[in-house]
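There are two complexes below, and they share chain A, which is joined by chain B in the first and by chain C in the second.
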Partner chain A sequence: MLELRELEVSYGKRKVLHGINLNLKRGESLAIVGGSGGGKTTLGLSIMGLVEGTIRGEILLDGKNLVAVPEKALRKIRWNQIAMVFQNVENALNPVYTVLDQVSEPIVAHNLRDRYDAKRRAEELMKMVNLPEGRFLAYPHQLSGGEKQRVLIAMALANDPDLIIMDEPTTALDALTKVEIINLIRNMCNERELTILLLTHDLYAASMLSDRMAVLYAGRILESGFTPALLSNPRHPYTRGLIRCYPNMTTTKDLQGIKGMMDFLDTGCPFHPRCTQSIGICREKAPKLEENDGRFIACHRGGIIPLLEVREVSKTFDSVKAIDSIDLTLYEGETLALVGESGSGKTTTAKTVIGLFEATEGQMYLEGERILGRDKNFYQSVQMIFQNPMEALSHRLSVQEAVREPLDIQKQGNREQRESMVRHILEEVELPSTQSFMNKYPHQLSQGEAQRVGIARALILNPKLLIADEPTSALDASTQAKVVKLLLNLQEKRGIGMLFITHNLALARKISDRLAVMLKGNIVEEGPSNELISSPLHPYTKDLLKAAPTLSANVLVVPTNNKNDGQGCPYANRCSKATEVCFKEKPKLRSCSSHRVACMNLKPEKEE
Partner chain B sequence: MHINYWRELTRSNFGKLGLVLLCLVLVIAIFAPFLARYDPGEPSLSILMPPSFAHLLGTNDIGQDIWSRLLCGAKNTLLVALGVGVFTTLLSTVIGASAALVGGLYDRILMRVIDALIVIPAFIVIILVAAYVLPNVWTLIFLISILTWQGGARLVRAQTLSLKERMSVYAARTFGANKLYLVIRHIIPDLSPILFAVFIHSATRGVFMEAGLAFLGIADISTVSWGLMMHHALRFYYLDVWKWWLIPTGLALSVTIMALVFIGHAFETAMDPRLRKMEQEDWQC
Partner chain C sequence: MRKIPGIGTYAIAFLIILVLIFLLPRMMPGDPLTAICGEEVLVEMTPELRTELLHRFALDEPLWSQFFVYLTGIMHGDFGYSYYYNAPVLDIILEALPWTLLLVGSSLLLSTVLSIVIGIESGWRRGKICDKSLLTTTMILNGFPNFFIGIILLLFFAVYLGCLPLQGAKTPYSGLAGIDSMLDIARHLVLPLIALTLAQIPGSYLLMRNTMITTLKEPFVRTAKAKGLSEVAVRYKHAGRNAMLPIVTTTGVRVGIIVTGALFIEIIFSYPGVGLLTYNSLFMRDYPILQGVFFIVAVFVILANFVVDLLYTKIDPRIGDDNTEYAH
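And now, the complex of A and B:
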C-alpha cells in the first residue's frame, strides 16, 4: 500500500534521510525506531508532504507517487487517506477552540459533512477513544496529557484514513496511561484494518503495536524484520545498543549505553564511529540493506559477528574428562556467563580457550577463523583476567612494570609510548596514574587495586575477547560492584566480548547477555540470561537459582546423593525428577524455545 | 611472598658477623701484595725462624715468610670459593631448571643420573685423579664442581617445578611470551634466592674440600694454600713452629669457613618461614 523508494530528504545541504526503502502492506503495522534526531519525524512529515526540505525518490501510495503530486491534490489525500498523530501533544492542539471543534475540523475542512453532522461524528469518535463525555467541550489546557493524546487520535481517525502515521504517541505518558493508549490503538487496528506507521523511540510501544520494525539511524535504515524476532535477537550492533539502554522488566543485565554521539556522515556507515566492530570499509562505504537469514541488515560485517566459536571441544586429564564436547558461541560485544559449581569445568574451559591447556578434541574459531596455533597476534585479541590477582602479579614487578609487561612481550612502541599507554590504561581502570602508585609492588596493593591492575594488564593490548575467570570472587561485595561496573563500561566503550566465568548466578544475571550452565564438564542449559533466569528448564539450573543469594531468608534444601556411576545425566544423582533412563543415557543439548537444554524429562515437564 | 633478602641478611646477627668476617678476608686477599713484605714463594736462607720484627710469623722450612704466605693464601681460598660456587651453581641451574622445564623423558633420565652420581664420594675420586695429575687450583675447582652439583640441581629443579605453575607465569604466557622470556624474566629472578643459597653452600664446601685435599698433600706445590701450609707445618710438629705456623693458618681457614656458614645460615633463616618464626620468638624471649 505504501512504498518508499530511495527516499532522500535534505534540509539545505544537510541530508537527513538517505535512500530509504520501505514497504507497508494494508492492515500492517510498521514501527520505525531509533534514537532522537535519527530522522523519524522527517520521514513521517515527508510522507504527509509537510516536510520543508527537498525530497528525492518516490513515495508511492497505492501506486501513486506523492512526491510528484501538486500541493492542491495532496491536500485531498491528506487526512482522507493519510492522517498523522503529531508528536508533542501540548502544541498540536489549538488552545482557543474546544476539542470537539478541533476533532470535527478536518471533516468540515474537507467538506465531507455539514457542521452539525461533523460534530455528531466527532462525538462518536471521541467516545470511541474513551474520552469522558463531560470533556467534549473542554479546551485543551483543561485536559490531561492522556486525554489530549486521545483527542489527537480521534482527530486522525476523523476522515477514515487508510494509513495513520503516529509520531511518538506514547512518549510523554505515564505507564498506565501508556498502556491504555496502546490498547486503544490495538483495538482500533483490529476493528478497522488500519495501516499504521509508528515512529517512536519507545521500544515497549513498538513491540506492542507493530508487526514489523525498522531501525533508523542518522537517516538510514540499519535493520528491519519482524518485531518479536528483532527484539529478542537483535543482529545489528545499533539495535542491540538500543535494546540494552532501554529500561525494562525483561532484561536482567544492567543498562548499557552506546558510546559516542549521533552524527550525520556523508561517507561510510553512519554508525561506524560508535560501532565497536567497525573495520576499514565501514569508514569508506555505506552498507546496503540486504537480506540475511530472514532479516534485513545494513552492515558490512553482516551484523553482529560471532567472536568466539567453540565446537565440540573436550579436554581430558589422564582419564578424567574435565570438559566433554562443549559448544559455545560468543558474539562481539556480548557477555556470555559460564556458571556452575566448582569442579564443573569452567576454569578448564577458560584455560583451554586461552591456550594454557591444549584441547584434546574439537575446534575453536576466533572471528570465524580456526585457531590453530596461538602466537603473539592471537594474544593481542584474546586476553584473560585471573581469579586471584595477587598470584597473577609477579611479586617482583612494580605496578608500572606489571602493566607494561604485555607491551614488552609484544614489543609494541618505544619506552615512552609504552609508559604513556600504561598511564592511560591505569586511568581507564580508575587507578591513580601517579609515579608513587606506579612504583608500588603487589603486596602494597589492596585486593581491589590488584584486580584492577590485573584488568589493566589484560586490556592494554586492546583485546576483542576477554576471558574473565571468577575475576571478583576474591573481592568483597563493594569492590566487586565497582569492578563489574568497570568491566561493563569497558564493554560499552570497546565492544569487548566477554566470557565471564562465575559460580554466582546472581552476579551473572546482572552482567551477561547469555548464560551457559555447566555441570561436570557438560553444558546442560544455555540461553538468553533473562529467559534462563525467569523460566529455567533444567533441574540443575532450577536448583542453582534456588541457591542464588536473595535478601529474604528462606530455608533451602538442596538434594545430595552421591551414587553416581559416571554414565548417564551428570545431574541424575541429585535430580529430584530423575528416572531410570537418566542414569543410563546421557541427554543431548536440544533446542527448546529460545534455550538449549540437555534433559531427558523435558517433554513431560512441558505437558504439566 | 615478597622478602627483601638483603635486609633480612643484614638484620640478623649471624648474617652481620658473617659479612664482616668475609669482608675482612676479602680485604686481606685484595691488599695482600701491599701488606706482604716478602714474596710468598721466595725461599731464603733463614729457615724455621721464630717470629721477629722482620718475619712477623717467622719462616718455614725453606725460609719463606709465613705472614706473607698467610696473606696470599686468602686469595687462593677465595678463588676456590668463588670458582666452585659459580661453577656449581651454573651447572645446577642449567641441569635442574632444564629438567623441570622440559620434563618428560629428559627429566626422568637426568634425575636417575643424579641419583647415581650423588653416591660417588667426591673426595676419594679427586684423590684418585690426583694420583695421575697433580691438580692446580683451576683443575681442582673443576673437579670439585663436577662432582658436587647434584644436590643443587635437585633443589633448583624442585623450585622451578613450583615456579612454572605460578599464576604470574601463566599470565605472562597469555601475553604471548615465549619460553626464553619466561625463563629469563620470571623463573631465574624468582630462583635467585635458591641460587644464592646453592652458591654459598657450594662455596663453603669448595673451601673445605680444597683445604682438606691440600692438607693431605694433594695440591700443586707452587700454590700458596692454607691447607698446604698446614700440611707442611705438621711435618715439623716436634718443633715449636706450630705456634706461629699451624695455629694462625688454621684460624684463618676457620674464619673464612665460619663467615660463609654464618651467611648461609642467616640466609636460610630469611628464606624459611618456619626458621624465621623461631628466630623471632627467640628475640622476644
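And now, the complex of A and C:
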C-alpha cells in the first residue's frame, strides 16, 4: 500500500534521510526503531508531506506518488487516507480548544458530516479509546498524559484513514498506561485492519505492535526483518547495541551502551565511528541494504561477524577424550560463557583455541579464516587472561616490563612509544600509571591489581578475541565485581569478543550474551543467556541453575553420583529423568526453540 | 503561566492613586490652598474667604481628617470647583470625557485588530517580500512620534487637500441631527484616530509577529496541518488564536499609553477631549481640574486592566483553572 523508493530528505545541505526503501502492505504494521535524532519523525512527516526540507525519491500511496501531488490535493489525502498520532509532547493538542472540538474538527473540515454529527462521531471515538466520559469537554491541560494520548489516537481515527503513522505513541507514559495504550492500539488494528507505521525508540512497544521492524540510524536503514527474529537475533552491530542498552526483564546481561555519539556522515557507513568491527571500506562507502538470509542488512561485513568458529573439535589425551567434537560460534563484540563443573573440559577448550594444546580433530576459524599455524599475527588478535594472576605474571618482571613484553615481542614502535602505550593501557584498566607503580613487582600487588595488570598485558596488542579462563574466581567478591565491570566496559569500547570460562552461572548470566553448558567434554546445551536461564531444557542446566547462588536460604537436593560411564549421555547417571536409552546412546546437539540441546527426552523442532 | 490579579490588587492600586492625588497639592511648595483652588482664587482672596476656604477643605485640621473630608467629597462626586471655568470640576470633565473615550476606544480597538491581522499575515510569511516590507514600514513609522504623524496628516488632508476638517469634534452650530450628525462626528474623528492608531501599531505589530513566529513552531500547528485543514484555518484558528494571547495581555498597559498619546493628538487637532482640557488647565494653572483629570484617567486605566483580565480568562482556558492536571 505504501512504498518508499530511494527517499531522500535534506534540510539545506544537511541530508537527514538517505535512500530509504520501504514497503508496507495493507493491514501490516511496520516499526521504525532507532535512537532519537535518527530521522524517524522526519520520515513520518515526509509521508504526510509536512517536512520543511526538500524531498527526493518517491512516496507511493496505492501507486500514487505523493511527492508530486500539489499541496491542495495533498490536503485531501491528509487525515482521510493517512493520519498521524503525534508524539504526546506539550502542546501536541491546541491548548485553547476542547478535545471534543479538536477530534471532530477534521470531520467537519473535510465535509464528511455536519458539525453536530461530527461531534457525535467524535464522542463515539473517544468512548472507544476509553476516555472517561466527563473528559470530552476538557481542555488539553486538564488531561493526564495517558488521556491526551487517547485523544490523539481518537483524533487519528476520525476520518477512517487507511494508514496511521504513530510517532512515539507510548513514550513518556508510565508502565501500566503504556500497556493499556498498547492493548488499545492492538485491538484497533485487529478490528479495523489498520496499516500502521510506528516510529519509536521503545523496543517494547515495537515488539508488541509491529510485524516487521526497520532500524534507522542517522538517516539510513541498517537492518530490517520480522520483529521477533530481529529482536532475538540482531545481526547488525547497531541493532545489537540498541537491544543491549534497552532495560528489560528478559535480558540478563548488564546494560551496555554504544560508544560515541550519533553523527550524520556524508561518506561511508554512518555507524562506522561507533562500530567495533569497522574496516577500511566502512569509512569510504555507505553499504547498501541487502538481503541476507531472510534479513535485510546494510553492512560491508554482512552484519555481526563470527569472530571465532570452533567446528567439531576434539582433544584426546592418551585415550581420554577431554573434549568431544564441540561446536561453538563466538560473534564479534559478544561474550560467550562456557559453564560447567570442574573437569568438564572448559579449560581444555580454551587452551586448544589459543594453541597451548593441539586439537586432535576438527577445525577452528578466526574471522572466517581457518587457523592453521599460530604465529605472531595470531597472538596479536587472540589473547588470554588466566585464573590465578599471581602465577600468571612472572615475578621477575616489573609491572611495566610485564605489560610491555607483548609489544617487545611484536616489535611494535620504539621504546618511548611502547612506554606511552603501557601508561595508556594501565589507565584504561583503571590502574595508576605512575613510575612508582610501574616499578612494582607482582608480589607487591593486591590480587585485584595483579589481575588488572594481566588484563592490561592481554589488551595492549588490541586483540579481537579475549579468552578469559576463570579470571575472577581467585578474587574476592568486590574485586570480582570491579574486574567484571571493567571487562564489560572494555568490550563496549573496543568490541572485544570474549570467551569467558567460569563455573559460576550467576556470574556468567551477568556478563554473557550466550551461554554454553559443558559436561564431560560435551556441550549439552547452548543458547542466548536470557533464555537458557529462564527456560533451561537440559536436566544438567536445570541442576546447575538450582545450585547457582541465591540470597534466600533454600535447601537443595543435587544429585552427586559421579560414576563415569563412557557411553551414552554424559549426565545419564545423575539425571532424574534418564531412561534406558540415555545410557546407551549419546544424544546429539539439536535445535530446540532458540537453544541447542543434547537430550534424548526433548522433542526437537528440527534436526540440525 | 500568568495568574490573574485578584480584585484586592485593584483596590490597593486604586487606594494608592487616591492617596497620591490627595498628597500631591499638599506637598507642593507654597500655599496648599493655591494648589487646591487654583491661582485664580488669590486675586479675590480676602481674609474671610481664606478662612472659609481653609475650613471647607479642612486644611486647618490634621492630615488624616483632611483625607477623610477629601474621600467623602469624592464619594459624593465632589472633585472641587474650577474658578477659571466657574463650574464644578466634575461637570467640566464629564463634558470632555465622551470625546476622549470615543477617540481612545476606537483607536484601541482599531490598532489591536489591525496589528493582530498584519502580525499574523506577516509572521506566516516570514522572510517573504510582504513580511519584509511590512516590517520596514512599521519600523519607519515607529521612528515618528504621534504628534508628528498628526501634523503631517493635518497638513496634507486638511490644509492641502482640504477634504477633512481641520479641528474640533463636530461642526459648531451646524444644527445637524441623526445620521448627518454622526457622519459629521466621524469625519472629524478620522484624522486624529489615524494619527493615534498609526503610532500604536508598530509595538503591537512587532509583538504579534513575534509570537506568531514562535507559535508556528508549536506542535499543534503541525497537528492542524496534518489534519488537512485549510491554510486559513491553520493560520487564524490554530496559530493566530494562540499567538493573540500576549497582545490581549498587554492591552491594559496600552490603554495608559494611548491616553497619553491622546493628549498630544487632541492638542494638535483641537479635539475637545480630556487631553485638550488638561493642556488648557495646565496653562491656566487650574489645579482642581488637573487633579480631577488625573483621578478619572487613573480610574479608567485601572478599569480597563480589570476588564482585560476578565476577558483573558475567556480567551485562554488555562488561566485561573483549578482543574489543571499538571502544574505548568
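We adopt the following convention: the second predicted complex is superposed on the first by the 598 of 608 C-alpha atoms of A that agree within 3 Å, B and C clash if a C-alpha of one lies under 4 Å from a C-alpha of the other, contacts with A are read in each partner's own complex, and residues count from 1 in each chain.
Just so we're on the same page, a contact is a pair of C-beta atoms (placed from the backbone, for glycine too) under 8 Å apart; a residue touches a chain by one contact, two chains touch by 3 or more.
Predicted model only: the values in this text are computed from it and were never measured.
A.B. asks: For the overlay on chain A, clash or fit between chain B and chain C?
C.D. replies: Fit - chain B and chain C, as placed by superposing on chain A, sit side by side.
A.B. asks: Quick one: is A:138 in contact with chain B, with chain C, with both, or with neither? Answer first, second, both or neither.
C.D. replies: Only chain C is touched by A:138; chain B is not.
A.B. asks: Contacts for A:109 in the overlay, against chain B (first) and chain C (second): which applies, first, second, both or neither?
C.D. replies: second
A.B. asks: Could you look at A:192 and tell me whether it touches chain B, chain C, both or neither (first, second, both, neither)?
C.D. replies: neither
A.B. asks: Which partner does A:84 reach: the first (chain B), the second (chain C), both, or neither?
C.D. replies: A:84: touches chain C, not chain B.
A.B. asks: Is A:75 in contact with chain B, with chain C, with both, or with neither (first, second, both, neither)?
C.D. replies: A:75 contacts chain C only, not chain B.
A.B. asks: Of all C-alpha distances between chain B and chain C after superposition, which is the least, in Å?
C.D. replies: Scanning every C-alpha pair, the shortest chain B to chain C distance is 60 Å.
A.B. asks: Shared contact residues on chain A, chain B side and chain C side combined as an intersection?
C.D. replies: none
A.B. asks: Where on chain C does chain A make contact in their complex?
C.D. replies: Interface residues on the chain C side: 218-220, 222-230, 233, 238, 241-242, 315-318, 321, 323-326, 328.
A.B. asks: Hey, which residues of chain B end up touching chain A in the complex?
C.D. replies: 1-2, 166-168, 170-177, 181, 186, 189-190
A.B. asks: Please output the residues of chain A touching chain C within their complex, sorted ascending.
C.D. replies: For chain A paired with chain C, touching residues are 45, 48, 50, 74-80, 83-84, 86-87, 89-96, 105-106, 109-110, 138-139, 141-144, 155.
A.B. asks: Which of the residues in chain A come into contact with chain B in the complex?
C.D. replies: Per the touch definition, chain A meets chain B at residues 354-356, 374-376, 378-380, 382-384, 386, 388, 391-396, 405-406, 409-410, 441-443, 454, 457, 461.
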